[in-house]
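Letters A, B, C, D and E name the chains as they come in the text, with residue numbers starting at 1 for each one.
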Amino acid sequence: MSSKKIGDVILDVSNISLSFGGVKALTNISFNVREHEIRAIIGPNGAGKSSMLNCINGVYQPQQGAITFRGQTFKHMNSRQVAEMGIARTFQNLALFKGMSVIDNIMTGRNLRIKSNLFSQAFRNPFGIGGAEKEEVKHREFVEHIIDFLEIQAYRKTPVGQLPYGLQKRVDLGRALAMEPQVLLLDEPMAGMNVEEKQDMSRFVLDVNDEFGTTVVLIEHDMGVVMDISDRVVVLDYGKKIGDGTPDEVRNNEDVISAYLGTSH
Amino acid sequence: MFYRENGQFKTSYSADQQIFPIAQDRWAILGLIAIAAIGVPLLADEYLFRAIFIPFLILALAAVGVNILVGFCGQISLGSGAFMAVGAYMAYNTFVRIDGMPLIVALLSGGFFATLVGIFFGIPSLRVKGLYLAVATLAAQFFCDWAFSRINWFTNNSTSGSVAVSGLEVFGLPIQTPVQKYLFCLSFLVVFALLAKNLVRSAIGREWMAIRDMDVAASVIGIRPMYAKLSAFAVSSFIVGVAGGLWAFVHLGSWEPAAFSIDRSFQLLFMVIIGGMGSIMGSLFGAAFIVVLPIFLNQFMPWAGSLVGLEISTAAVSHTEFMIFGALIVWFLIVEPHGLAKLWSIGKQKLRLWPFPH
Amino acid sequence: MSAPNIVLNVNGIEVIYNHVILVLKGVSLNVPEGKIAAILGGNGAGKTTTLRAISNLLKGERGEVTKGSIELRGERIENLTPADLVNRGVVQVMEGRHCFAHLTIEENLLTGSYTRKDKGEIAANLDKVYNYFPRLKTRRTSQAAYTSGGEQQMCAIGRAIMANPSVVLLDEPSMGLAPQIVEEVFEIVKDLNQKEKVTFLIAEQNTNMALRYADYGYIMESGRIVMDGAADDLRNNEDVKEFYLGMGGGERKSFKDVKSYKRRKRWLA
Amino acid sequence: QDKVQFFPVLSGRTGPVAPNATPWANGHNDYMKLVNVRGGINGVKTLVEECETAYATDRGVECYERLKGKHGGATVFQPLSTGITFALTEKIPTDKIPMITSGYGRSDSADGGIFKWNFPLIGHYWVAGDTVLQHIANKEGGWDKLKGKKIAVGYHDSPFGKELLPIMQERAAMHGFSLQLLPIPAPGVEQKSIWLQVRQQRPDFVVLQTWGVMTPTAIKEAVATGYPREKMFGTWWSGAEPDLKDVGAGAKGYSAVMMQHGAEFNSPVVKEILEKVHAKGQGTGPKEEVGSVLYMRGVVGAMLAVEGVRAAQERFGKGKVITGEQARWGYENLNLTQAKLDALGFKGVMRPVSTSCQDHMGSAWARVHTWDGSKFVWASDWLQADEQIIRPMVKASADKYAGEKKLARRAAADCQS
Amino acid sequence: MAFFLETLFGGLMAGMLYSLVALGFVLIFKASGVFNFAQGAMVLFAALAMARFSEWIPQWLGFESLLLANVLAFIVAAACMFVVAWAIERLVLRHLVNQEGVTLLMATLGITYFLDGLGQTIFGSEIYQINVGMPKEPVFLLQNTFEGGILISQEDIIAALVAACLVAVLALFFQKTSTGRALRAVADDHQAAQSIGIPLNRIWVIVWCVAGITALVAGIIWGSKLGVQFSLTTVALRALPVIILGGLTSVPGAIIGGLIIGVGEKLSEVYLGPLVGGGIEIWFAYMLALVFLLFRPQGLFGEKIIDRV
């Protein structure tokens, strides 16, 4: 274990503030993420965790602050740029493409890498003229690896809307993985799962992190999971950062205990 | 018992990605095309061709186009009639203004101009969504209605505003008789349906569906809403425009803007919804339903009436036709809100389970 | 111990979605008056479907009960509308929150009391909910769609309480809630159960919590009940421990160390 | 088995023009019944079958296809819609079925040299336009009095409406009055801005070429904006009872030019229909409608259709069922003298009609009637459209059409066939 | 200047009439999330019922009084609209709980066909008259200021007043009652509303009824202006830009939207129309609405369209 090398800072968030009308979702938040680590964000409901991911992702534009990714600093980015740079994410409230099958959902994650244009796609054919078919097969192979990895082979062609919640979460993860991201943002990937499934999911996250060296930012409410698998933890409360450090440090932080963990942990 | 994919193993992804992965389906569809291309011309009479088959083929083509926009990309449009009109009038202008213009090129150029107009009227979709967009697309409808009846250039300065074409031919073959027209339209439909199917099962199709299902998530994985929406408008209005050209050139021969009125837009939307949003096959089902049903009712009722010794007046037939048509639409929606295509696939699924359900 | 009255009696129901997808394959369970029963089980086991079948919300999902019967205090309820059920005191908190996006939190809560008339009681009830969930009070004027996931979950539960129910069907109440809130929610459940004699049927993934608070548990897998028993018994069952509590061999395993292989579940043999 | 001659009817009993198109179909069918009571066309019974178009072109085309081959083949089509006429004009030459468009359709189709199968018998829009202007000029005391005047034309924004414009423009150029063109989008239930413009520009006269609900709405808006009804003139599609009944006294003074006949409650043919058809319980519509303006137009349409067949029988065999192609010859060689018309019961209703290979109209007479608050009264003598003006216009337009379609003028020999 | 005022006024009045139709759309959308394309058909149906019953009832009962005839006809027509609402709930909506917006929209199109057919079958398809004693002749204002004065149609003024009253009542209903709140809840989420005991069935009958009455009022006013005939359904198309401009969910929006559209289209037709050949008002209204939408995609007063991840 623990043989993995944590690298330099890959993502640096500095002094981010975000508010909606009167609601201050984030005030002056700074933290960083190092290459290859699993970074957890925890905090009570409404603390601003999801909003934080949305800022990194370009879904929300923070009023203040900057985000540095691999040395490039952005005031705010648009989602497309973020995706192109290699940041992928999953969503807290499932945001799958409900009408599409599992394969298609995951294939959308490959879209950025597909080069053939509209015409060659229209004229795609089994005879290999134009190259669209070949490209499609190439990406399909990649996606099949993900499907194998996530153990959802049996549901390949099921419309995702019909899958039970837990499997949908996996597909969501699969879609993000299909982007071959450098940084993976996970928003409560294990909500609504039982222990067994959480174990599976943890394993996926760890494997991704180990095998592909993907940096993971994870929001999760299950302290067991967070404490077990993350390397460092940021704690937010009412939009403010109240703790940052290794799981052990955080666990013993007075502020964190009173605001979030409660005495039972 | 016989309708199974059992024993059909796919050895490559390419095989798995075929349009019809099940062998029985492939044969069925080939058989269907063969019947359509060879059998029907031998059997059907002129009335069937002119009043049913040709309109069906053309409107099915248009419905395929509308389905790309509405069904696949989720942008409800009530402007399809307008794009048909653009296709028709621009094909007409290309055809009559340039000497020796081949018919197919004229039709495609109609499609091209429809694409431009489609993209233009698609721009609001970047801001406006859902029903607001639907109503906003009516702007295209009314604007085009107006432009083609007010601006004389489009009608080659015809005093009445009605235009006509004649002497259609392709590669030296005349498109005159019903059978010729039918085959001409059939080939358009087959080719375009295939191209459309290819698009929707490729990357661009996934982009459209992603935008339809969850646009924020789509943009997070790097899909540009602008490109996806406008390309859907472009492809859709191209196909719709070509269908408009066919409708005008092949079916009507002479037309005025009213041929592409708002009713046409609604009709196309009906086809897509009844047929099944997000299904190319569904567009054909929908078109068949909407084209054939009223005509059937219209002829069936007097006949049924005469069986029981009732003479039903034309007006009563017509009103009853409205009522039954409306009731059937509602009934189908209740039975299967996702359209005939879904009903079809459930049927197939049941067949696959048959005779041992569950 | 005298046998308590059975409020809910589900008897061998089968549910089919979309005419073809058979999801529940003969599920029977019953919930005694004034108790807390839990349905446990993995993803897709059919917990939500069971609850929907009871509260008659299947229709909107194009599902239907094709076999079996459901009784509320001896009365067959398959053909009642959800509104009738609410009038009889049965309220469901749906999975995935389902707050009214355009209404404010307070309006959301107030719609919960639609079936009630007395203004004073409603106001008192509202206070009670705000007491349970102080966080909601601070967000009372924001539109539900703009609140965080956890806040929405609280809102959904609070909304159900506003109907002053006698039976509550809770679908995954702990999902997305911070640990101490989860605890609070279950405390609220216990509180309502003990003080106001509200009966609960809870579908939960958080087995640990559920078995701690429930009196009785049903374990579901692939549309069938595979095991049931008093909560304490279940908690000590080896399989339950391993698969649902994550405590193979008595020790809680670290999520980091889970093996990639899995033991077959005994009841699937 | 009786011998039957099949007359298809494209009716418009539903939709936006139902109030106006229904009496037409009723009149047409009643007259056909009367012909049968009278013993048919030299013994050949007439048969009608309706198909509902709701005034929509595509449905019209479908109906045409449906009916053209039925009952031994259609004799002649009368689509009662300019849109459908345009569409069918492209189809009838191949199918060899003639089409009568009395008072509507393509004005240039009066030129039989190009339009072999079209018959705008007894009038088209240019005749209507010309006669209505004549009437205005007469009232003012001569064409020279129109100089400098302004005439607004409110027209149905479709080929139907626009077909009127060439004659108006021609006359405007000749006599130095100006035109204010006011297109009204169908169906025309909202016309406020049109009438605001009328009020602003204060034209001396308003001419309406409207159809269906558009007409009563126009008159009501005129009432609401205070435009004098005495200065409003309709063409023959814009001046029948359904248009004015609902406005009642408000429309008093409104006039419309009539294609020969108007409301003819006292004409012999109407009495005969009432007696031989309606009294037997065979009437198609309500009794009160028999003799009203649009009903009469249906009667006249049916009469022309039948008389063409009779003429064709003279050549191809008396008492025989005539094909469409043969009927065409009949319509091209109609010679309905006053005596013949009177004998058919059209005394005082119509003037003689005589067609030829070149002239597919055969008669260009019109009269003007005025609404007195509850019914129409004649307000002018017989007017005849000025052939000097119209004929060249027809020819020029027909030639343009022929040019576009690469058609040749019919040879003299073709006229004999 | 006088003419400008006249046009402006004409536009305001026309706009008010559009609002009346738009109101029906808004009600149903606000309360059930259904975009009710059948509103136009309902206007026609209601107007036909009103026109025919006011003619038939005196015949059946043998009296002359116009007032009494109108009152009775109004009651009977309102009852008809209630039956229609009830039937729509029973036969259509009840079976489409929790379906997507497009499906419901399509269903209302089906209803449109049905009502059009039914109305004409029962009541006939000629032009019928509604005579509720609306004054037809215009009045002239400010005759001393402007030559010829400013022409105003009395009929329009009365119509505008009626519309304004109706809106005020409905706005109060939505904002102040708990039923109003329940209606909005249903629009957001059918299933959730059901789960907390809001009886969808009753709610739907209520809104469709109210929309039916609104249609009846609109039908009477339009009908007495234009006569009652099939084409009345097309006034619905004139009202569509009004609702998207005002916002699909806003009762006051229907009014403001109506006024803007009314004025916009009349001014454009009168001042711009002649330059380009006329007949531009319909598309101009739509374009106007579209331009507004580009700045506020939810319409002027509509609820913000929420999408969050």
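Going forward, a contact is a pair of C-beta atoms (placed from the backbone, for glycine too) under 8 Å apart; a residue touches a chain by one contact, two chains touch by 3 or more.
In this text, all values refer to a predicted model and were calculated from it rather than measured experimentally.
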{"item": "Partner chains shared by subunit C and subunit D (touch criterion as defined above)", "value": "B, E"}
{"item": "Centroid comparison with subunit B (C-alpha atoms), farthest chain", "value": "C"}
{"item": "Most central chain, Cα average position", "value": "B"}
{"item": "Chain separated most widely from subunit E, comparing mean CA positions", "value": "A"}
{"item": "Inter-chain centre distance, subunit A versus subunit B - centres from mean C-alpha coordinates, in Å", "value": "40"}
{"item": "For subunit A paired with subunit C, centre-to-centre distance based on mean C-alpha positions, whole Å", "value": "29"}
{"item": "Distance from subunit E to subunit C - Cα centre to Cα centre, in angstrom", "value": "44"}
{"item": "Separation of mean Cα positions, subunit E and subunit A [Å, integer]", "value": "49"}
{"item": "Per-residue multi-chain contacts in subunit C, two or more chains", "value": "146"}
{"item": "Where subunit D touches two or more other chains at once, by residue number", "value": "13-14, 18, 22, 157, 183, 185"}
{"item": "Per-residue multi-chain contacts in subunit B, two or more chains", "value": "145-146, 149-150, 214, 216-217, 220, 315, 318-319, 322, 337"}
{"item": "Touch list for subunit E against partner subunit C, complex", "value": "97-99, 178, 181-182, 184-185, 187-201, 249, 303-304, 306, 308"}
{"item": "Complex contact set, residues of subunit B against subunit D", "value": "46-47, 50-51, 55, 96, 145-146, 149-150, 156, 159-162, 164, 166-167, 176, 251-259, 263, 295, 298-299, 313-315, 317-319, 322"}
{"item": "Contact footprint of subunit C on subunit B as seen in their complex", "value": "337, 346, 349-350, 353, 358"}
{"item": "List of subunit A residues in touch with subunit B within their complex", "value": "57-59, 79-80, 82-84, 88-89, 91, 95-100, 104, 107-112, 114, 116, 118, 121-124, 126, 132-133, 136-137, 140-141, 144, 175-176, 179"}
{"item": "Subunit E partner contacts - residues on subunit D that touch it in the complex", "value": "13-16, 18-19, 22, 157, 181-185, 187-190, 192-194, 196-197, 199-200, 212-213, 216-217, 220, 223-226, 242, 245-246, 250"}
